[in-house]
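Here is the structure we will look at, set down as C-alpha cells.
Here the chain labels run A, B and C in written order, and each chain numbers its own residues starting at 1.
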Amino acid sequence: MRTTRNLAALAALGLALSACASEAGNQATESAENTAEVQEDVEFDAGTTMAELNEAGAITIGTKFDQPGFGLLNPDGVPEGFDVEIGKLIAAELGIAAEEIEWVETVSANREPFIQNGQVDMVIATYTINDARKQLVDFAGPYYLAGQDIMVAAGNPEGIQGPDDLAGKNVCSVEGSTPAQNIRDNYPEATLTLFDVYSKCADALTNGQVQAVTTDNVILTGLVAGNPEGFELVGNPFTEEPYGIGLTLGDTDFRNFVNDVLEESFENGSWADAWDRTAGAITGEEAPEPPQVDRY
Amino acid sequence: MQFYADNAGLFWDAFLTTLGMSVLAGLLAVVLGTLLAAFRVSPILPLRGLATFYVETFRNTPLTVVFFFIIFGLPQIDFVIGFFPGSVLAVGLYTAAFVCEAVRSGINSVSPGQAEAARALGLTFGQSLRQVVLPQAFRTVVPPLGNVLIAMVKNTSIAAGFSVSELSSLLPRLVNANAGELVLVLVGVVACYMVITLPAALALNRIERRVAILR
Amino acid sequence: MSTPVLFDLPGPRARARIRIATIVGGLLVLAVIAFVLWRLGGNGQLDPARWSVLTDPRTGVPQALGEALVRTLQVAAVGMVLATALGLLLAVGRLSDHRWLRIPSATFIEFFRAIPLLVVIFALYFVLPKFGAEISAFAALTGGLVLYNASVLAEIFRAGILSVDRGQREAAFGLGMRKGQVMTLVLLPQAIRRMLPVLVAQLVVLLKDSSLGFIIGYFELLRQARSLVEFFTPRFGNEYTFQLYVAAGLIYIVINVLLSQVAKYVEKRTRRNRKTAATSEVAASAEAPVGTPAGPA
C-alpha cells in the first residue's frame, strides 16, 4: 500500500517537473569535439611500445573522472577535459582513433600500481612530477604547469592573500592530494578540512563551514566559474605543479615518443586548441604558454 | 616497522578519533533507539507512526546519503554543523534505527505473561515497560545489539569522506605520501579496527553463551 | 505481538488524552515539516527549475541515473546470490564435526566481520593486482560485498539451524539419514524459512552497501550522483547538488522498501503454510537473539 502511494507521488512529481525545462538542459553542452587527426600510416620500430599499441589499434589510458576541466565524466559516461584531449592527441599519433581509447579511472592511490602492473598504458591525470614518483614510474612532459592557489568567498572577507594567512583558518582540500599534504607539511597552523571531491569543498565554503579552499589553480578557476558571485581566487600561486604523463619505468623510447608528440602539439597549436575546448572553455581564460618538456 | 614507527602518531590519533566517534554515536544510538522502540509499542498513534517512519527511512537509506544530508543538507535549512559532531549525529541517527529494531524484537520476545502480570499489578504503560519488560528485553537484546554496535564501529569509516580524520582516512592520505607502501597502510588500518572490533566480538560471544544458559 | 498487553484498552478519559496527544504530536510533526520546507524555499531549493534537471532528458541526468541504477542492481543481485550461497556453506562449515572445517570457517567469519567493508573493497581492488591478479571494479565491489555479507549471513543461518527443535534432528537421524541429509533435507529448509525476515534485512544492507563502490570508481547510483554534481559544479555552482542527492536517496528508499515488502509477502505466505505453523511459535522466541541484521552498514 505504502509503496504504491509512494510510487504514485513520485510519478506525479515527475509529471509536474517534466513540464518545465531546466537551465542545465537548455545549456546542454556538446561534448568537446575531437580535432586531432588520426595518423593512418605510421611506422614504428618493431618491439617498441609504439609498435605494439599501433598494432593493437587500441590503448588504455588512466585519467581522473572528477577533476573539472582536466578529466571529468560527463552524464553520458565519457570523460572530458584537458587531460583527455592530450590523451587523444597522443593516441592519434599512434594511429589510434579516439573511440578506440579505453579510459580507466585512476585516483591518487592507484596511479603508480596501475602503471607498474600494466593495467594502463599511460596515466594522464593531473599527475604532478616529483622525485619520489620518478623512482616508480617514468614521466613524459610536463604538458602543463599548475600552481597551488587559494579560493575564498567573494569579497575575501577574511583578507587571505597567501598561504601564510591560512593560520587558524579552516581550509578545505581533498584527502590524499598533493596540495593537502603541502598545507599539512608547510603551513601546520591551518586547520584542514578534507573531503573526497572538490564540489564538497565548494559547498562547505558556501555554507561558511570553511574559510578557504586550496588546490591547483586550474581546478579552483573551474569552481569560481561555476559560482562567480560566491567565490573568488586569491591569484597568488605558491607552488609549481608540473603535470606529467606517467609511463612504465625504463621505457625510454616511449617516453621520447610522447615528448616528441607533446612538443609538436605545442608548436602546431593543437595543444592550445585542446586547452580552449576544455579547461579554457570553463574558465574563459586564454591558453597559457606551453611549458618546456623535461627530458631528464 | 620503520613505516609504522614514523606514522605511529597518525595511527594513534586516527584510532582515538574512530573510538571517540564510536562511543558518542553508540550512546546516541542506544538512547534514541530505545526511545524509538518504546514509541513503536506505545498506545499513541502519531508516536508509533513517527517511529515507524523513522526506522523505515533510515534503514533503507545508505549511510553516505544520511551523512550528506546532515553535513550539507542541514545548512540548506540554515543549521550549520561541524564535521565531527555532524558525523557522530549521522552515524548515531542511522544506527538508532537498527537499535530500535533490536530492542523491539527483544520486547516482543519477553513472555506476554510478564507484561500481563505487570498490568495486573496496576503498573502503568511506562512503569511496566521500564521496570518489567525492558530489563528483561535488554538481556535477550544483548547479542543483536552488540552486532549492531560492532557494525557501527566499522560504519564510522564513512566519515572519512566528510573531513573526519579517522582510521579509513589514513588510506588515501598515507598512500599518496608513500606510494609504495599500500599493503603496509592497509595492514595497519585493519589492525587498528580489529583492536576495537575483535575484543567486542569475543565479549559478545561470551555474553551470548551466558544468556543461552539463562534461558 | 505483545503490544496490546502493555496497555489496557483505553477508557473514555484515556481516549481523550490520547486524542490530545495525537493532535499535539501531529501538529508538531507538521510544524517541523513546514519549517523545513520554509527554509528550503527560502534558500531557493524548491525552485522547480532546479528539480527539473532530474527529468529533463537533454541534461543526460535521467539516463545517467537510470544506467547507474542498473549497475547498482547488477552488483546487488550477483552479490546477494553469491553471499547467500557462501553464507550457507560457512554456516554449515562452522557447525561441522570436523575441526579442519570448523576452525577455518569460524576464522573466516570473524575476520570479515571485524573489518570495515570499505577497507575490504579497497584492498581487493588495489592490493590484489600487486600480486598479479587483475580485478575489475565490478568484481572487487561484488567480492567485498560477498565476503562481508556471507560472514554475517553465516551467523544468521547458524542461529537459524541451532533454533530448529532438537527433536527434528534426532528424528531424522532415527530415520537413518546421514549427516549431510539431515542438514540439507531437514535442518536448512526450516532454518532458512525461519530466518527469512533477518535474511532479507541483511540483503537490504547489501544493496545499500553497494554504494561503497565509490571508493574504487564503480559508477553505481551514489557515485553517479556525485559525478553528476562534479560535472555541474563548474558550470552552475551548487545549483543541482541537493536535488541530485535527494534523487539518489529516494531511489534507494523506494527499492529497499519494495524489497522489504516482497519479503513481508513471502513471510506471510510461509506463516500461513500449515507445515510451518507448528514451529512458528518456537521461531518467535528463537528469533529474538538474532532478530536484527547483524550488520547495518
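In this text, a contact is a pair of C-beta atoms (placed from the backbone, for glycine too) under 8 Å apart; a residue touches a chain by one contact, two chains touch by 3 or more.
Predicted model, so just to flag it, every value in this text is computed and none were measured.
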Chain whose Cα centroid lies at the greatest distance from that of chain B: A
Contact-richer chain pair (by C-beta pairs counted) among A-B and A-C: A-C
Intercentroid distance (Cα basis), chain C paired with chain B, Å: 16
Chain A and chain C: spacing of chain centres that average the CA atoms, whole Å: 36
Residues of chain B whose C-beta touches two or more other chains: 72, 160, 171, 182
For chain C, residues contacting two or more additional chains: 126, 130, 214, 241, 257
Junction residues of chain A - those touching two or more other chains: 107, 109, 113, 196, 203
Chain C to chain A touching residues, read off their complex: 48-61, 63-64, 67, 125-126, 129-130, 132, 134, 214, 217, 219, 226-241, 250, 254, 257-258, 261
Chain C contact footprint on chain B (complex, rising order): 41-47, 50, 56-57, 59-65, 68-69, 72-73, 76-78, 94-95, 97-98, 101-102, 105-110, 112, 115-116, 119, 125, 128-129, 133, 140-141, 143-144, 147-148, 150-152, 154-155, 157-158, 160, 168, 171, 182-183, 186, 189-190, 193-194, 197-198, 201, 208, 211
Contact footprint of chain A on chain B as seen in their complex: 72, 75, 80, 82-83, 160-163, 165, 169, 171-173, 175-177, 179-180, 182
Footprint of chain B on chain A - complex, ascending: 107-109, 112-113, 132-133, 136, 172, 175-178, 180-181, 193-196, 200, 203-204, 207-209
Footprint of chain C on chain A - complex, ascending: 2-3, 6-7, 10, 14, 16-18, 20-29, 65-66, 68-69, 72-77, 105, 107, 109-110, 113-114, 117, 119, 196-199, 202-203, 206, 222-223, 225-227, 230, 282
